[in-house]
Every structure is written in structure tokens, then in C-alpha cells.
């Protein structure tokens, strides 16, 4: 277990925060940390910047993220990692398609390589880290295109050589079904699944024999094509398989 | 535990043998190995050459050395080490004073740096690795000077800048008492004591808080001067302290 | 290549390296992946009568000499488990691990397992961190005897009894389990770990099971003791991370081995690497089959 | 420097790191050397009524995760031992470890130790590899209770009871030993090791005790369990090789620690290094004394 002192903590939008801390480890875009909130729990978080220490960017959902959001500069943040396979380097014209906090995972790649960014959220307040030339969608139309980010992407209709997709699995499945085949080999999806160990031994994040934590979280279109559970079924904490419901 | 195939095995004198085997480890003159004869026991042995693999040179005393003497080229020899502190490099005119198999420990140094060699044994048949310009003594006068090697050394009366002494403790004590002070700082003694672990934790080789296996086996004159047990008392296998009897 | 096939109880097994219970064996996809990666048999996560969420994270912690875990017997329950596995092939190479609090629960689970088409049941008499289950059951010789007798009476399954090393007298427990077809030795050691900067336990459950390289010396001793005393079939497990570790278990009497934590170090490649390493060792040391070395150091 | 002094039973101890029994403590010269190197107290090798040669070599084997040993309770016997120590100074910082087969032997040895001017006796109820002694005694609660009562009745010594982790129920044994002034937890784990190229055991005695980093998780658990259940003074031992290991033991309730195998890795410098590390940690973490962290994770 490593720890570091928090150097910076920012509120980026409704219930969205980022925390920056020093770190000696090297990381690559797409990798994640297991952030430990002692006494509460340990949760996976994408590294949203690895340029000047590490940064995580998260939305407050429950206990762990709540506690993190209440931390102060100088407090200790506990973590292990980085874990997981990074995004491959982009080739040619590049697009990033993000749903909600999925942007956190894509951010280092965007900063490094540039390209077109499509970002969707339920509502304006949940958008963060926006840049003036991002393509934006909100479910409620409170900002940008009304609808989901896949609709937005298709409506603009530009053609790309490399596409990175990160967001809720249902949204990614939507992208996979409607735009995936067209771009085939060059689409990469970063998955989020319930994770307990983060290091590839507990099987809680597995989808058709692929471990999101160790074989992923970034998967190619071809790998995703081998996962008949993708966007359809998920596992609960007990390991029970159930139909995914749109949340 | 390491092992290696025996490359060479030679009979050097009455009950005296040398075994050469490949080794990947580095060693320095004065260091020793723990040689394991599975099913029998493990015994410490000086490395008598480290130029082309390792070589040990030993006299058959009991079970372990008997078994070793009966081994064949191609057989496996098991060992761990090298252990212990090496001899410091010689300065100026150098003498080596060896009793019996003590020569084994000094041999790599002699080969590397040259100098005058004084070697003593009970009788002619127990002498080995002789070179025509060695000064030789035997207790029974069957070869060379009649008497012990310290008598021989003193009788020749040459003066040296560095002296290395290795042999039975009684002989080294004799040297220490009669010639040690004269040469002071530049005399080094390599001790042999009952050793069980070889790595400095069991205390069976300790003499006044110095562990022969880890703090030695090579000790300076000044260190030896701090050991009131040197040449006087020894430990049995139980750790019991007893007066040393001349053997 | 020298043959490395072995036999445990009535089962011939082509590759003597198995996937241990609890590691990457909750989902059918992962079970199949381990089988395709060279595991002779894969043991499922331990399944109980009811769904259990397990403990909250952290449930594992990698430490210098191995790993601590307190997963808390998370499992979907026998119904959901069997449903997921209905269509799964290679059932003959899957052993189902089950846990319960008494012989009734165990035999109920075993019957369900048999009905679903599996042939081997592994009894978790040894998980050290859940009250009322695992080692709390496995430390009671009468209960152990009872459980095995019940399953024996009610099914034709091959029964593997996985025992806990956290006892004063392992032989007593082994004797109580002697109606089983094989022993699986060992489960994790009861242990804990501390983070000195948060001054918290490394696991949410505080106490957990210790696995990996650090427990191998204890596992080897358990295999040696039980083999010497009972001569029965043993599957060795605990700290195996390469082929030479496996050989050590064979020499002391294990007929097969299981690998858990080793996967963390070597990933799925570990199965093939160990299989190949065993075969190379046998060839190099001039043995003509794995059988020749099983128990070699105990027999002689 | 923040004070690191501690108290075990009635004894105030300046440095909380002690030399564990059996490592460099057979000869008086070595005992003194450890005291001069920063050990607060040094415990002697276990001494019995009679001289014992111990087992033949190999008696120790360094393995990846620690060390295996089966020294076989080699010791000069109480007479020769006391004779060697007659003139030795610093007796107040030497604890004498004794072993015997029953309360008679133990109390005889304890009386001799007291007469010779020592103040602390450590009872080896836990060595795992000699028949009739050590853990065979220490696994029997009645015998343990009896031994301690006898010594208590016949001497004024501080009594430290060193227990074995090789039991089903450590708490039961701890309760049996509760008349002792402190518990010493833990002795080595029963274990074995194999050399696959000679196909021999690593130790001449085959079975030995496992010490070093690999047993720390088990030792921590023992300290935690016993401290939580009894609240009594505990000396933690098992796998400590640096100051952070020591802190872990303190946080779980140990009032002092012992170091054995760690000396193999760090040599005599280990005592000062750990003492300094503890002091630095306390300062950095803003504690004003060692006391403040003892049992901190159990109390809260």
C-alpha cells in the first residue's frame, strides 16, 4: 500500500472532484489505481493525469467517493497500482467518446494526442473539464446536443482512424452496436466493472473470461466482440450473473 | 542450495583429496563453502581455488569427508556460499604459514601473490600441493625440518610485511604467542571452529563474541588479541565451553 | 515429452496442475480459460446454499511473502451457480468446491452438484476467515467424518477433502476425513496485516487467509505428515509459483498440485509453464513418468 | 529522539527490541555483543537440565521467504551454562530461556536461574521439532498452567511464556498461561523443505521450524488475537526484519519485540536500526511516546 499527501483538490461540477497527489510510480493513459479509504473501502479510479504526480477525477456516488470529496490538502491518500493495460497510441485522425466520468480515463490521452472529443452527461451540472471545442451532449438538453453521446457522434458523422470510448457500459454497447463495426480494429473501449481485488485473482470483474482489471480495462473491438456478456449481463458482488439494467 | 557436477577429483596425499567443480558464484581467497553431503551432513570447506570453477581440498576425517573422497567425476556436489570475509590483499614481503589442510585456504592467495610458504604436517604423507621452494616441516622429521611449522618459521628468521597463518588453532596460537607481536598489524589468522549454520546465526562457531563464519574466518592480529578463548577454550557441539586439548 | 499424467482417487488427470478454489473460478468464462491454459482440473470458488456478497474491499492485499485475503465466501449460491454452468462443457474437468455449516448442508450441495453432471466435489473444511464455516467446521473431527460419510452415502461423487493447517493435530483431522478419495492440503493460514501509516488492517475483515510463497514450507510439511501417516492420495497446494515448487510436493507424496496465488505472479501462463517444467525435470533427472517421483522421499 | 522505552510485566526496558532465543545467544560473548548492539534484553538459547548436542548438520536452511531450522535444542545443560555466565555482567538485561518436559524440570531450571542472579525466565513451550519438549508441552493447556504455577510458587522471577502458533486454539493456551507476566508470541511454524536435485530434506531432522519474513502475518495475527482476548503484556516475535515490522506488532498490542532471523539479513546492526526507526516513526507521526501506539489498532 502506498500513500501520498494530497497536493490539490478541486470541485469540478456537481459532485465531481479531482484530487492530485505526488507519486513515484510511472503510469500510462488508461491505467487505474485502487484507492483505499481506510475504514470504508477500496475503489478503482482511473488516473486522470500522470504528468505531475497522479490525479483522480471522480463523482460522488457513495461512502468512499463521499469521504474522498471531503478530504483536504495535506491529508494522506492511500493507493496501490497503477494497474491494467493502457490505451494503445492513436493512429491518424482520433476521436474520444466519453460518457460521464469516463472522461477522466480519456483525459491524459486527449491532453497528449489531441483530436475530437465527444462528451455526454445526464445534465449540464455533471459535465466537467470542458474545453471550448468539445462536442457536448446532455440527456436533458441543458447543454449542447440533446440526447446521448452516441447519437451526437453519429449525427456529426465525421470519420476517424482511431476511436476511444469510455463511459457506462450501456453507452459503450450502444456505440459498439451502432458505430463499432464501421471502425472495426481501431476502436478501443475502457470498461468499468465491479472490482474487488484489482489484480486479476478474484474474478469479480470478469466478463466472458476477460478480467477487466488485468486483461483490460482497455479492450479492442475484436476482444469486445468475443464478450457476449458485454452490455447485456453483469455480476453482482456475490458473483451472480444478472441482466444489466440501464441506469 | 546449489549443486554442480564434479569436473575433477584428485588424490593428493594420504587421505587428502581435491575436488573441482563449476560454479557461477564469485569468491575471494579466504572464503569458504558449506558442502552438503546429503544424508550425511554439511561441513565447511575453504575454497582452495576459484579460478576455474571452485576447488576444495580436504583430508578425510569422518563420514562426510570419506564420502566426498569416494565421489566420481560427473557426480553432483551440493554447496552453499561462498561465506565469510576474505583475506586482505598482501602488502610488501609476504609469508604464508600453514598447518596441514590449512594450506587449502591459503592456496589461492599464494597462487595470486606469491611469497614464502611455510608448511607443516605430522608426517610426509600428509603434505600436499608442494612446490619445490616451500619451506617444509614434519613432526616426525620424515621430510624437511623436524618440528612444527612455527619452529621452522622462527628458525629461518626472515622478516615479512604481511603474514597469513592457517592451521590448527593450537599451532596458530603458538604462532601468535611467539611471533605475532613482532609482526603486529600485518598478521592474519584464518580460524577453524565447529560450524553448524555457516551464516552467523547459530553461535556454534563463536569465540568471545566473534563469529568465525561471519566475522571471520580471517581475523587480524588485533582481533585475535581480543579473544581470550583463542587457542585456550573451544565449544563442543552442545555449545559447552571446554579447554582445548592439543590433538 | 515425458508423461506427466496422474491419478487422484478414481480420476485419471492428464495435467497434474489444477486451479485452486477461489482464484478466478467464480465465472464460467474464467474456469474455461484456466482449463484451456493447461490446468488439468479447475476447482470452482466455494459454493454455499445461499448467495453471499462477501466482505467489503479490501478483500486482498499483496504482501512481501505472498497474499492476504478475506473474500468472505462471496458466491452466487448453488442455484445461480448451477444455472450459469448448465451449458458449460468440460464438466468432467471441473471440481465443485462447496461449503456448509453441517453435514446436511454439505450433502444437499453435493447432491445438487452431482445432479448437475459434475463428478468431483471438493469440501472446503478450511477457509479461515468466516465464522461458522470452513476451518471452524474442519477443526472438528466428528463433524468432518459425518460430512464425508453423508456425501459418500448419498452420491457417487469423487470426494476431495480440503483441510486446514490451522490445527494442533492435522493427522487427527486427516483420519477423520479418511473416507474421502483424496486430501487437498492446505488452505490458507490464519493471518493478518497492518498498514502503519493509516494504522488500519490491510483487510476489511481484519483477519484473513495467508497464501503464496510464504506458506509453502507449512504446506510441504502438511503433505509430508499426512502422506507418511495415511499413504492416501493428496493434492498439494500452498505457495506453488513454479515447477520446482510442484516437484517438491510430488517428492513428498502429492499426486497432483493446485495453484492459486501463483497466478498473480505468472498469470494464466503458469499452468503450461509448470506442466512443461515438470516434464523437463523428469526427463533431465532420468525418470520415465511422474509416478516415479511421487512420494519418493517418503518411501525411501 | 522520542523515547522508546517500554515496560513488560514489572520490567522497564529502555530499548523495545530484544534478541530472540536461539540466535547468537549460546555463548556469553555473543549475548554481550547483542546487548552492546542495542538489544534492550537478550534471551539466551533454551537451556535444559542436561547437555544436548542437537541434530547433525544441516540445522538451518535459508529459503526464499525466511529460514528453516532444526537445531534440536543443542545446549550445554544448566550447570555448564550457569558456570559460563557466573562472571557475566548485565545479568539484569539477560532473560534465560528454559525448556523441560514437565513442571518439575521447568521449576528446577527456574530456581537455578534465579539463584544465579537472573531476573527473567522465558519458557520455551513452543519449539516445534524436538519430541517431548517445546510445542509438545506447549500444546497441553493443563501442563502449561501447571508449569507456570510451579515456577510462580517457587521463584520471584518474571515469567515470560513463549507459545506455539501450531495449535487449533491459541487463546485456550494463552488462558492456561495467564499467570505468566507476559506472553512471547510466536515461536517458529512447523514446516519442512526439499532439495529437488538431491531429493533430500533441507534439514537433517526433516521437520523444522520456519522463521523470518514469511511468518510475520501469522505472528501478527497471534499477537492481535491474544491481546484482544487477554489484554496482557505481549512480546511480539516472528519475521521482524526492519522497524516498520516492529511498528506493526506495537499497533496490534505488543509491548516489545524480539528479533531472530532478521539478524541474518541485517547482522547486529539490526537492533540500532530498528530502535532508531521506531523513534523516527513516532516523531514523524507525531506521537510522544511508544506507549501511545501500543495496541492502538485494537483499542480503537
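Remarks
In this document, chain identifiers A, B, C and D correspond to the written order of the chains, with residue numbering beginning at 1 in each.
The criterion applied here is as follows: a contact is a pair of C-beta atoms (placed from the backbone, for glycine too) under 8 Å apart; a residue touches a chain by one contact, two chains touch by 3 or more.
Computed from a predicted model, the values in this text were never measured in an experiment.
Annotation of chain B and chain D: not jointly contacted by any chain, touch as defined at the top. Ranked by separation of Cα centres from chain C, the top chain is B.
In whole angstrom, the spacing between the mean C-alpha positions of chain B and chain C is 51. Mean C-alpha positions place chain A and chain C at a centre distance of 36 Å.
Distance between chain A and chain B, defined via averaged C-alpha coordinates, is recorded as 67 Å. Residue positions 197, 200 of chain D each touch two or more of the other chains.
Taken as a graph of touching chains, this assembly forms an open line, each chain in contact only with its neighbours along the path. If you check each pair of chains against the touch rule, the ones that pass are A-C, B-D, C-D. Those residues of chain D lying in contact with chain C across their complex are 63-66, 68, 139, 166-169, 189-194, 196-197, 199-201, 206-207, 210, 213-218, 220-221, 224, 244, 247-248, 251-252, 281, 285, 293, 296-297. Chain C contributes residues 23-27, 29-30, 32-33, 45, 51-54, 56-62, 67, 71, 74-77, 80, 84, 195, 197-198, 200, 202, 204, 260-261, 263-264, 267 to its touches with chain A in the complex. Every residue of chain B that touches chain D in the complex is listed here, in rising order: 1, 3, 34, 36, 38-39, 41-43, 76, 78, 80, 196-197, 199-204, 206-211, 214, 229, 235-241.
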